[in-house]
Structure formats: structure tokens, C-alpha cells
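What follows is a set of structures for review.
You will see chain A twice below: alongside chain B first, and alongside chain C after that.
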Partner chain A sequence: MLEFQQQQRDDVVVLQLKGNLDALTATDLRPMIDELVASRKTQVVFDLGGLTLIDSSGVGAIVSLFKRVRLLGGDVKIACLTNQPKEIFRLLRLDRAFDLFETVEEAAQKFQK
Partner chain B sequence: MPKLITTSGPTRGREHDIDDVCILGRSPSCQIYIGDLTVSRQHARITRTNKGHVVEDLGSGNGTWVNDKRVTRHLLQNDDVIRISECVYRFIDDAKQDGRWVNMVTVIAGNEPGLISTNTEPQIKFFETRVDLSEEDLRSDLTRTHRMLEALYNAAGATSSLLDPQRLFNKILDYMLNVFPNAEVGYIMLLDDNGQLVSRAIRRQQSSQQQGGGLVISQSVISQVMHEGKAVLSRSNRDSVTGYASTAAKMCAPLSAQGKSHGILHIEGKPGGRPFTQEDLDLLTGIARIAAVAIVNASLHEQLMHQQRLEQDLRFARRVQRSFLPLEPPETPGFRFSRRYNPLYDVGGDFYDFIPLPAGKIGVTIGDVSGKGVSAALLMARLTSDIRYFAISEQDPARVMDRANASLIASVQDNMFATVLYLTLSPGGKMNICNAGHIPPLVRHADGTVVQVDEATNLALGVLPDPVFDHAFFQLEVGDSVLLCSDGLLEAKNAKGEEYGFERLIRTLCTIPPHHLLDDLHRDLMHFTGATAQYDDLTLVSFTRVD
Partner chain C sequence: MFSANFFGELRRMDRLSITVPCDLRYRDAVGALIRHVCQRLEQQGAVGSLGFQVVSAFNEAFNNLVQYAYRPEPGVVDVVVELRPVELVIELQDSGRTFEFDGVESPDLLHDLPESGLGIFIMRSCMSDVTYEPGASGQKNRLRMTRRLDGDPGTDVQGTSDDA
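What follows is the complex of A and B.
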């Protein structure tokens, strides 16, 4: 099960994910990712505070948005990682690609500067 | 155009256009067929004269009655009531009614007098007949009408054996054009995966001179047909001055099977040709039902074929993938290698490799490509050969990863990435490691202590175009063993849902002797998981420095 919510804060889009982001649910995210890229919303914060599980397809979905947004000159920041997703991000050393933040506000502020 | 509306009798509610000549009777060749034994084969005739339409009795047994008087010949007035045996018709002369021709749509409706509205054609007036066309009624209509029965029988024969959807669509449309010689063009439109109605087949009469031309069906008609399951007949629009048809007559019927609308069957008449009648619409509705069943069958068959093709692709991909993995661990002086590869799916994303390098060195790779199935297998195949190539041309493992990353970034789908651990082993026991997001190597010393080599851990491949890759050296002593694994090991679950995990792995490594490290480790894993189904591939590679 994956729930997601999209929120606009000034120029920043906050994507809040809750539940499991895996091979089954990652495809649900795909249309939203395509739409963000199509509408050139390139400043994205993932709020992963409610994410309980992520697998390689889930990371793939986030990486996909990341790569496409960067081609448009934007960036993806990650907020509120905990538990298993935090472990996965650590193992894949995704901190070398993404800026990680404790709160959504910090991540969003980083864009404003 | 004047018409007869059936107000009583078995075909109550039917409308019939009255052309120049129209014969009513029991013979199937009659324009208005009355399936009643008390009706003569050719019972009565309505003819256009310069004074108006005239009805004549053709020497019938039971007579032709107009406004309750038996007639032999009678000049019809608007609203006259004609009775032939049990059938009662009302004669409507639109031209006299409101002075101009109007476009009409007849709907085979349910109980509600459905008023059709349209945004695009506001001037069009709609009439409706109230025929409750339940399954039962349709069936009884069919048995009454030989022509329909025969046509439907043939339609079923023509469509039932075809499983190729496109050929089936064409066959259905060709059949329709044959049954309705006054039709110019037929369309089959079906709902696609997104619920959009898309045109899947168009066929024209062979004699047709028309080329191209888009299909225009008003939203209201589509809504009637798709959502309410009604067949819709649009009569031709006549020019009020010339009297010639300015638009073609159209019929549209739902392709519904198993209680679901799958699309529409749409027929357009020849411009200026004989208009379609209510009976035509009934026939179209019947054929559409048969066609819909055939279309559903064909699409199920197509899905099955698609599924089989996918499975075939997977089997092929597995063979390709296996061919990229080394069959036997290499014979290398100073080291003893072993490996275990248990792909769970037909094709998984795990891979490993041993690459002989100059100066007696050997390269060792273990990795995992995100995702499953054919795309993961192909990416893995590509990555394996890339790394082999770069390993031979670059000494530094970090450079190898750098180039593999660049190649991956340039080539793959944006949602795919890979974790790869690449290391080189020198004859003296020196290990040079570069880890791109993979589980770090574990070293088991001869005395049973276990250490994790988590230096030189870098971002996974395929995420950033130009990350920095670090590498690190590690000196192996004689008797030291190294374990490389995929996450299928750490994430293996037991019946309670607990993971095998890092701690148990280290505990196990401490206690088992290095000679049969992988076998013992695997036995412990099996002991832990029991019969619980696993969800990931398992790949293990180990090597021991023997001198």
C-alpha cells in the first residue's frame, strides 16, 4: 500500500509518501512523476516520514524523477528518512546524490536560497 | 419524409419511412413486413402521387382499413390511422406538419423517454419510439424476421472462428457493408486501456469513391450507445430547398458482451442513398451483440498469446543472462574461489563475474540491477560486458566504476540503477576495492574474527552523471576469507517475518570453517528460513587466500 499527496509550497512541490514504495506501488507513482516533469516543476521535496519500506524499484522511481528534474536544472531533496528507507539510502550511498534533511521545512528552505 | 408509426400489434413502436412505393404484407420481400398469417403476402401498397401518398388494398383477404373504414384506395392525410389485421399504423407526414424536413434520431429506448441533447447540432429535432428492447423482445423479434435471423446466423458463422482481432474487425465491417448495401462506410471503435474510445477498424464499400474523411459522432450519441447501451439511428439531414440529403444517415450500436460496453459499431449510409430504417437498426443491434462476443473472445486470445510471448521472452532472457555468468570459479594460484547463485525469478537482477587480468591479477564483481524481468536481465548483461571491458583497460577499480557509471547513465531507462562491488586481487593478497552502493565485503580472518570493509563505499551506478568514486586497499593474509553477497541473503525471511540480517551472518561466519564457507552458510540460511517463500535472488561469492 502506498498513499501519496502532492502539495505546492511557493515554487516547491512537496511529495508526501506513506506506506510501501516497492515494485508494485512504484508504478502508481509514475503518472505523477511524468506530470511533474511535463509541467516543469523542478524543485521537489520528498517527505518520506511515513514511508515504512522501500525496495530497488521504489528507489528507481525517486531516482527517475531526480534524473529528469536535474536535466531541467532542478533538484530533488529528501526529508524525514527513517528506519528501513534510511538504511537503504545509506547502503546505496544516495546521500552522495541527494541532499537529506530532518524536516520538510529545512529542505524547502534550501530551495529558496 | 412521411412515415408510418406502428401504434398497435407485435411491432408496436416501430417507425417506417415511406418512400415512393412501399408494400405491406407477409412476404419477407415487403418493405413493411408483417409476420401474421391473417395478413396477405402482398396486402397493401402506399404510393407517392402528385397529390400525396395513396394507400391501396392489393386484393387482401381481410382488407385494409383507414380510420375504421375498409378502403380499396385512399389518399392519406396526416394522422390517418391504417389497420391491417392486428397491426395499426399512424401515418405522419412531416412535410405537412411543420413545413420542412428535420433530422431525426430514433432510439431503441428503455422505459424513460430519453431526450437526446447535443451541443454541436442544436437545430436537430429528436423523436423517440418507446420500444422496450429487452433481451426477450429482441429474441422474439429475431424469430419473426427471417431476414434478420439469416443475417445473424451468418454473422455468427463469419466471426466465431476468427481470433486475430484486426482480421475479425475487418470481417465484421465487411459483413455489415454486405448486409446493408446502402451503407457507405463502417467503423469499429473500442475502449482502450485508458477508457478512451478509439477507432480500431474502418471499411468502405468497394465501390466507394470517398477517401479519408474523419468520423464525426456527437458526444450525445456516444453517451447513449456506450453508457445506456442503446442503439441510435440518425436519419439523413435534408436540405430544405433542394430536398436532397446533405448528410448521410448513420446507425450506431453498442458492442456489449457480458454486461459491459466494449465499444461501438457505427455505419454511415451513402449520401443520398436509401435511409436506414428501424429494422436496419434492430439488425445492426443483433449483429453487434454477436460481434461483441467474438471481439471479447479474440481479445482474450490475444492476451493469452501475449502472455505466452512474455514467458518465452523471459526464458530466452534467462538463457542470455546465464550465459554471461561464469560457469566455474577460476583456477587462480594463491586463492580458492566458490560461488552460489540462486535466482528466484526466471530472470533476476543479480550478477557476479571473475575477470582474469594482466600480471596474474583477477577482477571480481558482484552486483544487483534494480527491477526484475527482461529489462533487468538485459541491463545486467550490458553492465557485465561493460565492466569486463573497462576492467581490462583500466587498472584502478574506481576508474572502472566511473566508466561503467557513464555508460549506464547514457544508456538506460531513467528508473534503473545498479549496485556493484568491484575489486581486484593481486597474487600477494592485496585487494583493491571500489563499492558502488553494494553490501560491503566481509573478511573472515583465520582466527574466526570478522570485519566489514566499508571504506570506499560510493553512490550506486546510474544515479548521477559524474559522481566521485573512491577506492581502498585491503591486505589479505593466508587463511583469510572474503564473502560478497547480494541483499537476498540479509533480507531472507523466516516464518515469523524476521530477516536473516547482518548480526546472524557475522555470528555464522565466525563459527563455520572457511573450507566450505558457502555451503555451511547456505545450510544455516535454509535452517533459518525453513519453508518460507523468499522474494529475492541469492548470490554469494567467496574466496580464501590459501598461500
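What follows is the complex of A and C.
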């Protein structure tokens, strides 16, 4: 099960995910990703503090948004990674592509600089 | 020596087998069982990331069966969890389509950011050994994943090393 919530903080969109982002739920996220790209929201922070599990399909959804936003000149930042999702990000060397932050505030502030 | 002691003092678990429909809704139930076994092993001194890694590998293996082996026809999967003195073995048996497991190359994570094709890489990275035996006629396909309990998986998967 995946719950997600979208918040606007100035020019930054914060996507808060809770639960599992996996083969069963990743498709639920796709419409929101399409909408963000269509509306040219290019400063995005994923708040993954409530994410309990991610698999390759979930990673694929985040990477998809990242690539599309980068094509528009924006960026996607990751905040609050813990436990299994943190392990998967480390394993897949995603820290090379994404900026990782301990808090949403730190990630959002990075866009202001 | 590790013992999951799965049923408390009543019974020592050495081997557990469960058959479920090959449907993602059942994956998490079996995954929770495996996580429970791993947590017991972590309490007995196994490396702290054991549960994350073994469950991640199991999830990818199960996903592959749902998405490739049994598409579009549904089927069942037998999951065997076997505890040995120094390793944990997770085996998935299915009667679906076979695939060229050994022909799947690792993604180049140093120079690429793939959106797909990461499942087998995760399995190989999280476990110490992964083997796939396609079933001969009338036999089941067997994906066997073995994880050492005394440290990191010990695998050297191509695609992530800075020295490559």
C-alpha cells in the first residue's frame, strides 16, 4: 500500500510517500508524475521518511521523474531516506545521481541557493 | 551456528515451505515471514542489514515470476526457506515460462541511470549466490538464493565498482 501527498512550498513541490513503492504501487504514482511534468514543476523533493519498502519498480518511477525533470532544466532531491529504501539507494549508487538530505527543509533550501 | 527458533521454544525451524498464488498481493505476506526469520537471526548476531537485503532479493525474484514467468497465465509459486548453520537459503519454484537468467547482464550504474532491468542486479547484490535452474519437462524452475549469515553477501557484482 502506498499513500502519497503533494505539497507546494514556494516554487518547490514536496512529494511525501508512505508505505511501499513497489511493483504493485508504482503505477499509482505515474499519473502524478505525468501531471508534474506536464505542469512543468521542475523543483521536486521526495520526502521518503515514511517509505517502508522500495523495489526496482519503485526506483524506476523515481528515476523516470528525475530524468524528465532534468530534461526541463530542473532537479529532484531526496530527503529522509531510512532503512530498506536507504539500503537500495546505496546499493544502486543512486547517491551519484541524486542529492540526498536528512530533512525536507534542507532539500528545499538547496533549491533556493 | 544460527537458529531462527521460529516458533519460540516449541520447535526449531530448519526448513519452511509455503505455496502461494503468484500474485503481488501475496508477496508481502511471504516477505513478512522471511523478514521475521531474518530479525531472529540478526538478534543472534547476523549482520544488521540481513533482513533488508534478503527481503529485497526475495521481492525482486517474486516480481519476476509475476511479470515474466506467469504472464498472462496465472500460477503458483513454492517458496522454501531453509536455515543452515552459516547460511540462509530462499528458493522459489515455479511452473511458468523459463528465462535466460545467466544471460542477463548487470546494468552499468557508474555511467547510466536505468529505469528498469535492476531486479536481477538487486538479487545478485543482496545475496551471496543466486542460481537458476530451468525445469526439464514436467519439472519446476528453481531460483535458489543463498545468503551467508556472518557478514556482507560477499558477492562482486559488476557495474558498481569505482575501480571497474
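The rule is short, and it goes like this: the second predicted complex is superposed on the first by the 113 of 113 C-alpha atoms of A that agree within 3 Å, B and C clash if a C-alpha of one lies under 4 Å from a C-alpha of the other, contacts with A are read in each partner's own complex, and residues count from 1 in each chain.
As a working rule, a residue touches a chain if its C-beta (ideal position, glycine included) is under 8 Å from a C-beta of that chain, and two chains touch if they have at least 3 such contacts.
Computed from a prediction, not measured in an experiment: that's the story for all the values here.
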item: Clash or fit, chain B versus chain C on superposed chain A; value: clash
item: Contacts of A:K18 with chain B and chain C, given as first, second, both or neither; value: neither
item: Touching partner for A:F66 - first (chain B), second (chain C), both, neither; value: both
item: Touched partner set for A:E87, first chain B, second chain C, both or neither; value: second
item: Touching partner for A:K110 - first (chain B), second (chain C), both, neither; value: neither
item: Chain B versus chain C as contact partner of A:K41, first or second or both or neither; value: neither
item: Partner chain in contact with A:A97 - chain B first, chain C second, else both or neither; value: both
item: Winner by number of chain A residues touched, once chain B and chain C are compared; value: C
item: Contacts of A:S56 with chain B and chain C, given as first, second, both or neither; value: both
item: Intersection of chain A interface sets (partners chain B, chain C); value: 23, 56-57, 59-60, 63-64, 66-67, 91-94, 96-97
item: Complex contact set, residues of chain B against chain A; value: 349, 368, 370-372, 413-417, 419, 436-437, 439, 457-460, 462-464, 467-468
item: Residue numbers on chain A that touch chain B, as the complex places them; value: 23, 26, 56-57, 59-61, 63-64, 66-68, 91-94, 96-97
item: For the chain A and chain C complex, residues of the former touching the latter; value: 20, 22-24, 53, 55-57, 59-60, 63-64, 66-67, 83-84, 87-88, 91-94, 96-97
item: Chain C to chain A touching residues, read off their complex; value: 24-25, 27-28, 49, 52-53, 55-56, 59-60, 63, 66-67, 109-110, 113-119, 121-122, 125-126, 160
